[in-house]
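Two complexes follow with chain A in common, the first pairing it with chain B and the second with chain C.
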Partner chain A sequence: MTSITIPQRQHWMRILALTPPERLAEALAPALSAHPGHHWLRRPETGLVMLRGRAGGTGAQFNLGEASVTRASVSLAGQIGHAWVRGSNARHAELAALADALLQCPAHHADLMAGVIAPLEAELVERRATVSRAAAASKVEFFTMVRGE
Partner chain B sequence: MYVAVKGGETAILNSYELLAADRRGDQDTPELTLAQIKGQMRLALARVMQEGSLYDEDLAALALKQASGDVTEAVFLLRAFRTTLPRLGYSLPLDTAAMRVRRRVSGTFKDVPGGQVLGPTPDYTQRLLDFGLTGSDSAPSPTLAEQPLPERLPCVLDVLGSEGLIEPERPADGDPAPKDLTREPLMFPADRATRLQNLARGDEGYLLGLAYSTQRGYAESHPFAGEIRMGEVAVTVCPEELGFEIEIGEVTLTECQMINQFAGSRTAPPQFTRGYGLSFGEGERKAMAMALVDRSLRAAELGEDVHAPAQQQEFVLYHTDNVEASGFVQHLKLPHYVDFQAELSLIRTLRKQFDAQQGDEA
Partner chain C sequence: MMLLPQFDKPVHDAQRTFRIVLSALAEPLAPLALPVLPPAPQGLLPGTAAVLLTLLDQEVSLFSANLPADTNDWLRFHTGVRLADTVADGDFVLVRDGETVPQLASLKAGEAAYPDRSATVIIETARFGTDQVEGCGPGFAAPRRFGASALSAAFWADWWINHARFPLGVDLLLVSADAVAGLPRTTQVTEI
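For the complex of A and B:
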């Protein structure tokens, strides 16, 4: 069993953060009910992250404004799960932290990746494609009128 | 002499009740839900988040509801609430070039790479009141193109950049962290990063008026909207407990890259210069006004004459904040009984002297 790499963990943490909390609760319900007995190292805490932009998009950094962020840390099945999610939904951070812990367990990793993360990612891609296709429909198709001849 | 001013407690408590009753309005009408405000008042929400300097749709919807739709009051509520939350850190700089674009237009290049994408804009409506909306059963379903837009739309200004016809936009050596106006007071002269933070939090109406003044001749301004893009941008942080970067969600942003003519100086060749605007949500008017004012505030560094209000840092930056402005203007209605008594007695004395003088001359 090879150990989990940072890019792997970044990948699932991203999917967990980008999934709507209600959907996440539904997708994780079977796995979480099979693994009770977690211990909160840090209960969900909402705070602020200052979002930074860059002048002209690529220049000097500047502080654009803050966003609310909720974080949580949990110990479950011998692993420590962390989560940071944008917004003030405590349940979202809890679910993401619990999932992060389980996903690090060699015994559950493959099942959860295939059974939870992969479908959630597919849904995310699908949601985004629909939004982008709607935007694409409003793309201007210029046509040129030829005068004379 | 001090005069004890007490009482009014019951009146104040009863005014709370009146405020709540007027907020609720006719109770035969269903109460507004936060989901409705989030879903159907998204532009008001964006403005509250931007000027409240806090991106949180739920809190902004609550603030708007509590403020009965008064945007400036909602901004005040959000700013007050944010002081109760701990600061957990800073994001990595948002990469707007990687924005998942829903709208992208250029006023300078018709055939911009990736095309002109209009998105959900009122620009091409005729601004006729739509009486079809008086009901509550509209269910539009937008057309979907066969293919989504490319994942990354090229930045329009890169076209000019590749020819060296526009000033490059690069961070200073070491990419220093910017000053944070929520932690440090505003000092002059303010660098561009500080000015941009101030403008980003600033009142849209005020910036719009200033931007308009630069177009009407109160500054050397020959602007073009090089690119305006709106869409979703990933938020990335690097939490201490992890030690690596993670994406924690996304925010909707509107970015405006304004291009301005510049005749050149002793050291710089003639080229285009930039003004930059960035705003939470769909905030196109704000982003454009911010970009124009950003450029006008660069007058001194570009060696231009500084003579118009929109070019004067102190004038502009000290008056952008609508929470401060609203507070100072509105504090006039609070009791000034003692100050006014002093003024009144002074005027009475002067008037007596004046009347006596008039009598002497007659």
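For the complex of A and C:
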């Protein structure tokens, strides 16, 4: 078997799930066109998961709300790829599952990590920074109010 | 490990199979052809695979002795079924071809208030015949003759005990490679 650890796989599955589907399709197109032979173990299906939170981050658990999630599983090149992505975009789940299977192939792992996952992760960090900057720029300080310090 | 796929169209294929299983229980001891056969994992007939994919979900448990590990994984992946530790705990009991049918009295028979909380036994058989028993009861316009290569004279003697416990007792589904026959607890049989 391969020596891929669970944290490694969680890392790329997270990036695949957080990348917008159109961008994912574009990034994976060359790798997927080279591997047409796959069969679906579980075609994309959408359901709900309950998101739970903790009051204040450390308090009692409570149900925050439900989120739709789409999952898919595929068998490709002797590997089984799984994907769970938020939302109801079936193609997103399919692409993420195909990529998960390919990333487990020793022959393609290094190429895909460098050629697909690394750029997507950089874009993810960049998107997050942009959103954070936009939010920070709109922050209002109420100097007239007592802030407790 | 290599997982096999399930039905090509999971919802529609399972509905079509479910309709046939209902008919099989409504007309006991009349084998009906199964409409869709999924690729069968190791150790199961294609007909059994179809019936299991149709009937099992995460709310029931299955007992089967010595099922290959890959087949266990396949069932759990596609259906979410729990595997029961003992034959007395199983909501469904699978008896593969060549295995001995357990004593029916040792299985879940339901309670007087909830006779539906009983086990359903799925028995694989190489072929059906008309050479063992004649059945009558609800669902028979006229007595019907039946036989299954997996069932012995000892089983039919045991069946009387199961029938006598009505409304408690277990129901059976007999499955070949491509057909299913029902034997609900209401059916009376006489050996021929």
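Definition applied: the second predicted complex is superposed on the first by the 133 of 149 C-alpha atoms of A that agree within 3 Å, B and C clash if a C-alpha of one lies under 4 Å from a C-alpha of the other, contacts with A are read in each partner's own complex, and residues count from 1 in each chain.
Operating definition for what follows: a residue touches a chain if its C-beta (ideal position, glycine included) is under 8 Å from a C-beta of that chain, and two chains touch if they have at least 3 such contacts.
Just so it is clear, the structure is predicted and the values come from calculations on it, not from any experiment.
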**Overlay on chain A: chain C relative to chain B, clash or fit** = fit
**Request:** Classify the contacts of A:W84 with the two partner chains as first (chain B alone), second (chain C alone), both, or neither.
**Result:** first
**Prompt:** More residues of chain A are touched by which chain, chain B or chain C?
**Reply:** B
**Request:** Tell me which partner A:R133 touches in the superposition: chain B (first), chain C (second), both or neither.
**Result:** first
**Prompt:** Is A:S3 touching the first partner chain B, the second partner chain C, both, or neither of them?
**Reply:** neither
**Message:** If we overlay the two complexes on their shared chain A, which of chain B and chain C does A:L64 touch? Say first, second, both or neither.
**Reply:** first
**Message:** Quick check for you: in the superposed arrangement, does A:R43 touch first (chain B), second (chain C), both or neither?
**Reply:** second
**Message:** Looking at A:S33, would you say it contacts chain B, chain C, both, or neither? Reply first, second, both or neither.
**Reply:** neither
**Per-pair minimum CA distance [chain C against chain B, superposed on A] in Å** = 7
**Request:** Residue by residue on chain A, keep only those touching chain B in one complex and chain C in the other, then list them.
**Result:** 73
**Request:** Note which residues of chain C are touching chain A in the complex, please.
**Result:** 2-6, 10, 77-78
**Prompt:** Inside the complex, what are the residues of chain A that reach chain C?
**Reply:** 39-43, 73, 75, 78, 80
**Message:** For the complex, give me every residue of chain A touching chain B.
**Reply:** 6, 9-10, 13-14, 17-18, 45-69, 71, 73, 82, 84-88, 128-142
**Prompt:** Any idea which chain B residues touch chain A in the complex?
**Reply:** 49-50, 53-59, 82, 85-94, 96-97, 100-103, 110-111, 115-119, 142-149, 155, 157, 169-172, 175-182, 191-194, 196-197, 200-201, 231, 235, 237, 239, 241-242, 244-251, 255, 257, 274, 276, 278, 280, 294
